[in-house]
Amino acid sequence: MARTSSHATGLRVQLPPLCFLFQAAIIILFSFFVRYNHETDSSLWHRSNHSDMDNDFYFRYPTFSLQWSTLVQGFFHSFHGGKIYIGVESMINADFCTGAVLISFGAVLGKTSPVQLLLMSLLEVTLFGVNEFILLNLLGVKDAGGSMTIHTFGAYFGLVLSRVLYRSHLDKSKHREGSVYHSDLFAMIGTIFLWIFWPSFNSAPTNTGDGQHRTALNTYYSLGASTLSTFALSALLSREGKLDMVHIQNAALAGGVVVGTSGEMMITPFGALMAGFLAGIISTLGYKFLMPILESKFKVQDTCGVHNLHGMPGVLGALLGALVAGLATHQTYGDGLKSVFPLIAEGHRNATSQAVYQLFGLFVTLVLASLGGGIGGLLLRLPCLNSPPDSQCYEDQIYWEVPLEHEDEVQEHLRSEDTETQA
Amino acid sequence: MARTSSHATGLRVQLPPLCFLFQAAIIILFSFFVRYNHETDSSLWHRSNHSDMDNDFYFRYPTFSLQWSTLVQGFFHSFHGGKIYIGVESMINADFCTGAVLISFGAVLGKTSPVQLLLMSLLEVTLFGVNEFILLNLLGVKDAGGSMTIHTFGAYFGLVLSRVLYRSHLDKSKHREGSVYHSDLFAMIGTIFLWIFWPSFNSAPTNTGDGQHRTALNTYYSLGASTLSTFALSALLSREGKLDMVHIQNAALAGGVVVGTSGEMMITPFGALMAGFLAGIISTLGYKFLMPILESKFKVQDTCGVHNLHGMPGVLGALLGALVAGLATHQTYGDGLKSVFPLIAEGHRNATSQAVYQLFGLFVTLVLASLGGGIGGLLLRLPCLNSPPDSQCYEDQIYWEVPLEHEDEVQEHLRSEDTETQA
Amino acid sequence: MARTSSHATGLRVQLPPLCFLFQAAIIILFSFFVRYNHETDSSLWHRSNHSDMDNDFYFRYPTFSLQWSTLVQGFFHSFHGGKIYIGVESMINADFCTGAVLISFGAVLGKTSPVQLLLMSLLEVTLFGVNEFILLNLLGVKDAGGSMTIHTFGAYFGLVLSRVLYRSHLDKSKHREGSVYHSDLFAMIGTIFLWIFWPSFNSAPTNTGDGQHRTALNTYYSLGASTLSTFALSALLSREGKLDMVHIQNAALAGGVVVGTSGEMMITPFGALMAGFLAGIISTLGYKFLMPILESKFKVQDTCGVHNLHGMPGVLGALLGALVAGLATHQTYGDGLKSVFPLIAEGHRNATSQAVYQLFGLFVTLVLASLGGGIGGLLLRLPCLNSPPDSQCYEDQIYWEVPLEHEDEVQEHLRSEDTETQA
């Protein structure tokens, strides 16, 4: 591990001003436009009725994007009288948007600088808001767990962007991309954490009552089935029948992605198991066979394999959602139809046209994500942004003060410092 | 660390077909028998009254056993009209069952193959369902946090099974069984996680209201007391007065196990402290003195020491539950008697006979666990199951693709690969 | 890493008796004084009305202090008729107290023995209870998230104590104080965990409804802003523009501390962003510039930098709380005034005098914390307590059985043991 980096990252000149600028802009915008909504404001609460929202879980990521997305989403969803009214639901929505941004990060991680990632967030959050508004409000598409709005959008935005940023000499950094024993264990903690919270994640925006129960249950069984099929396929595809940590860490979660759209619908426990099973298979096959082809033939360098965990399972989830929506009947859903498919319940649509709208939503998502990723990629290729050179990719210490690996090294380092001082 | 394994694990030939077979069987059984229950079904919800279940926490483990246990438990508990109706409660019950399976895994880990563990789950989940049905439904035993049904059952099932699989030459793998510095820190994260969620775990199946409050509170104080007594005893038992990570990681949790049965009863805060204090003592003594004897004299090789964390504290918890049940009076419980001890409240039993039933429940659990573990052990000794050889136990890389330990090694490995290619 | 320690720690002689003594004392006190309250007692629940407390999250730490604090706080808050009545709220309060103790630990960690820490808890928990009682009950100060009672109190108690324990030759252990690569990743898991739960932490003791929503929201935006300003400043302050893990791990959380008092008030989303932004700046500057000065000029050796994360942001939070309280009007709060500022709503005070009381609360906290830390430091300097020698600080293995670092070492160790046996 080289201890010095000769590459001028420009981080000191660019990152702080950008952060401060963005933060100042957001603070100013907040001061003019953002107010507590009726469930959060002390004086409004006591004058109105409340949905008794059960906010037992907030998933949040420490980035700029959640502040920005509050503004963007707020503009589309809760803008009236010149103000944006925010509450706990705004927070959850902002988190979901940040989820999409993190998925896109997965495709370009290690090859981009913090400044590039910050600019990328700015663009993606904006487009995420546009796409979500078109799907949920204009098209009346259902997508509670975000198979389309979060996973498909995030994955293809990142993949197209990664394509535009293609580096033909990335093999110079190849030795750093792999994992080591301990980093694999760390990643496993993340997997278990995601596994545990995925049912809450998918069910958070659905209706309290049967909706949340059903979504949690479906997600749970789908995750179980995808885990099992991943273990089976991982052993089957290895020459010696060994399990691959990368498959287990990722494909085991594909079951959560694939029921993102249909989780709140009546897909039946059987349907959830089938969906998860398929998602695990597709995702593992993607890691094993499709990912190398994507890089060699299509010049898409997908650092974390987001195409396998979010791209394909997301599209599959969207298609599944369309199928299940097309099969909806008054009999199956009973009085619940008006919360799951309000437009069908009110007679504005029949099940088939809902299915067509769902498919159209997927199409819009793919188009917007690709366009956005393309524009983003061109933007990030601006030379002034100082992306890391080919030989420095996947290297923590370009952007981070990295401590020494072992205590022995630390002692040696201190000893040599002492010698220098004495000389 | 040897990089190649000459042992043919048979994993590639056996694991995938078994996984696929089990998954297919379950999917088919689900399609015929499993339906959403009235709290999860869209059309049923709007026609019925609901218990307002507060499902703030789902603990779940990524295995086959939770699907299978849904079927087994569903068969016993919610089978009517030829269908099994499932909801969030089924999920929690399936998780608890999976907990017992994981406890048993703890006794045989490192000495068994994934295929063996899969078969073991199949058997144990079935017997867990039988045991739970006998205790809770036939005998009217109270065991919310599962001192008997989860901890005692899981521990003795695993221990008897480990006895049947006894390997006299396991010392060949002795150098791999120990922990290293970083793995100890990892394990500590798990301990903290379990500590934090144990009160929720014990109180999840109890009645909303005073029941859940009381169970959480008792578990919390019991955990506190067991942690303190573990620290004290660990320092006392060490020659130099040093604390032992294995004691802290495990015995500190014994307080959660020991109030599994009595947590929802009126054991008083004082009683909870006493119980936890005792459990910490017994568990630490178990690690220090009993575990080596178990191996040398009784030929039980207990990899993770489940006898100390789950076996003994589980039995102690069952006895404590019987004691507290025997002391129940109408005066102490007031109107709450009908939720804690419905059979006493309705006059079908007095407190003493409830205590006797509790003891009988412990006896049934021990018998079923031992029988099941014995049968399971004989099954797992079938030669076609390819258990790992004595010299390869506790070795990740028989069954996993293990990355290299350090970046230096990775670079060296790549360099040698380059040389090979050039040659 | 030396494998043997010649320093006699006295741990074996002192820790166990102290633990047992304290535990016995607490058990006896519990048996005489502690009872379930009306929300936890089976017979009382069914005779009374209940606040429907939403206890979705219990943060708890495995120490003696939570049992002791139950007694101390119970004495002040729920002592009537000679008994202390406890419930879930007592648990949360005990946890908060334990939080303050852990903050103080951060200032002296690595330089004190477990026995010293135990005695320190005993004193600090008692004084925490006194301070909290004065502030909340006597002065009518608002401090839901504990900017004053938890963060300011914990930080200055620990810092003054650390000053009294000043060691002029601590540089002998300097090489062990730094972090290594893997320990930094571990610490990052803790940071993410705290980030995620901080909104729940601040909002847990506030009023259900708009109060909890508002506190969670404010905490969330404040955390977001402090994270952003920390990233910006960390890059700006580094010579090469690199980010410093220590800043990210700590200063990113300052936003949670700074809205501890004002989080439940109507500070507006804009105000929360500003507060978090400032807290991140101050905290990062503290790590970079103030911390070395504190050690060299003021002889305060602050192991974890609690002054930067808890001390300064805590004081800033208290001042902010006073400011926002001073601006409170009936118009802004509406009917909610009686839950946020009951004394103003009932006409006993106006907003300005509430602000003065808030400031006085901060003053009392600082005085009590400093006095307590001073007395505690003198107590801990008693020679019989065997604090570790200067050359053995920050060393795990004085008090812990530390396993070997790598498997290779383990094998070598076993081999040399074999040789010894043969010889």
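Think of it as A, B and C in the order they're written, each chain with its own count starting at 1.
In this section, a contact is a pair of C-beta atoms (placed from the backbone, for glycine too) under 8 Å apart; a residue touches a chain by one contact, two chains touch by 3 or more.
What you are looking at is a predicted structure, and each value in this text was computed from that prediction instead of being measured.
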- Task: Fit chain A onto chain C over the CA trace and report the rotation angle, somewhere between 0 and 180 degrees, nearest 5.
- Result: 120
- Message: Validating interface symmetry: for the copies chain B and chain C, is the fraction of residue numbers used by both over half? Same or different.
- Response: different
- Using mean CA coordinates as chain centres, what's the chain B-chain C distance in Å? 33
- Item | Junction residues of chain B - those touching two or more other chains | 56, 182, 189, 405
- Task: Would you mind writing out the residues of chain A in touch with chain B in their complex?
- Result: 1, 56-57, 174-176, 178-182, 184-185, 189, 192, 195-196, 199-200, 209-211, 213-214, 216-217, 220-221, 223-225, 227-229, 231-233, 235-236, 238-245, 252, 266, 268-270, 273-274, 277, 331-337, 340, 405
- Under the touch definition given earlier, write down the residues of chain B that touch chain A in their complex. 5, 9-13, 15-16, 18-20, 22-23, 26-27, 30-31, 34-36, 39-47, 50, 55-56, 58-60, 62-64, 66-67, 70, 86-88, 90-91, 114, 182, 186, 189, 397-408, 410-411, 414
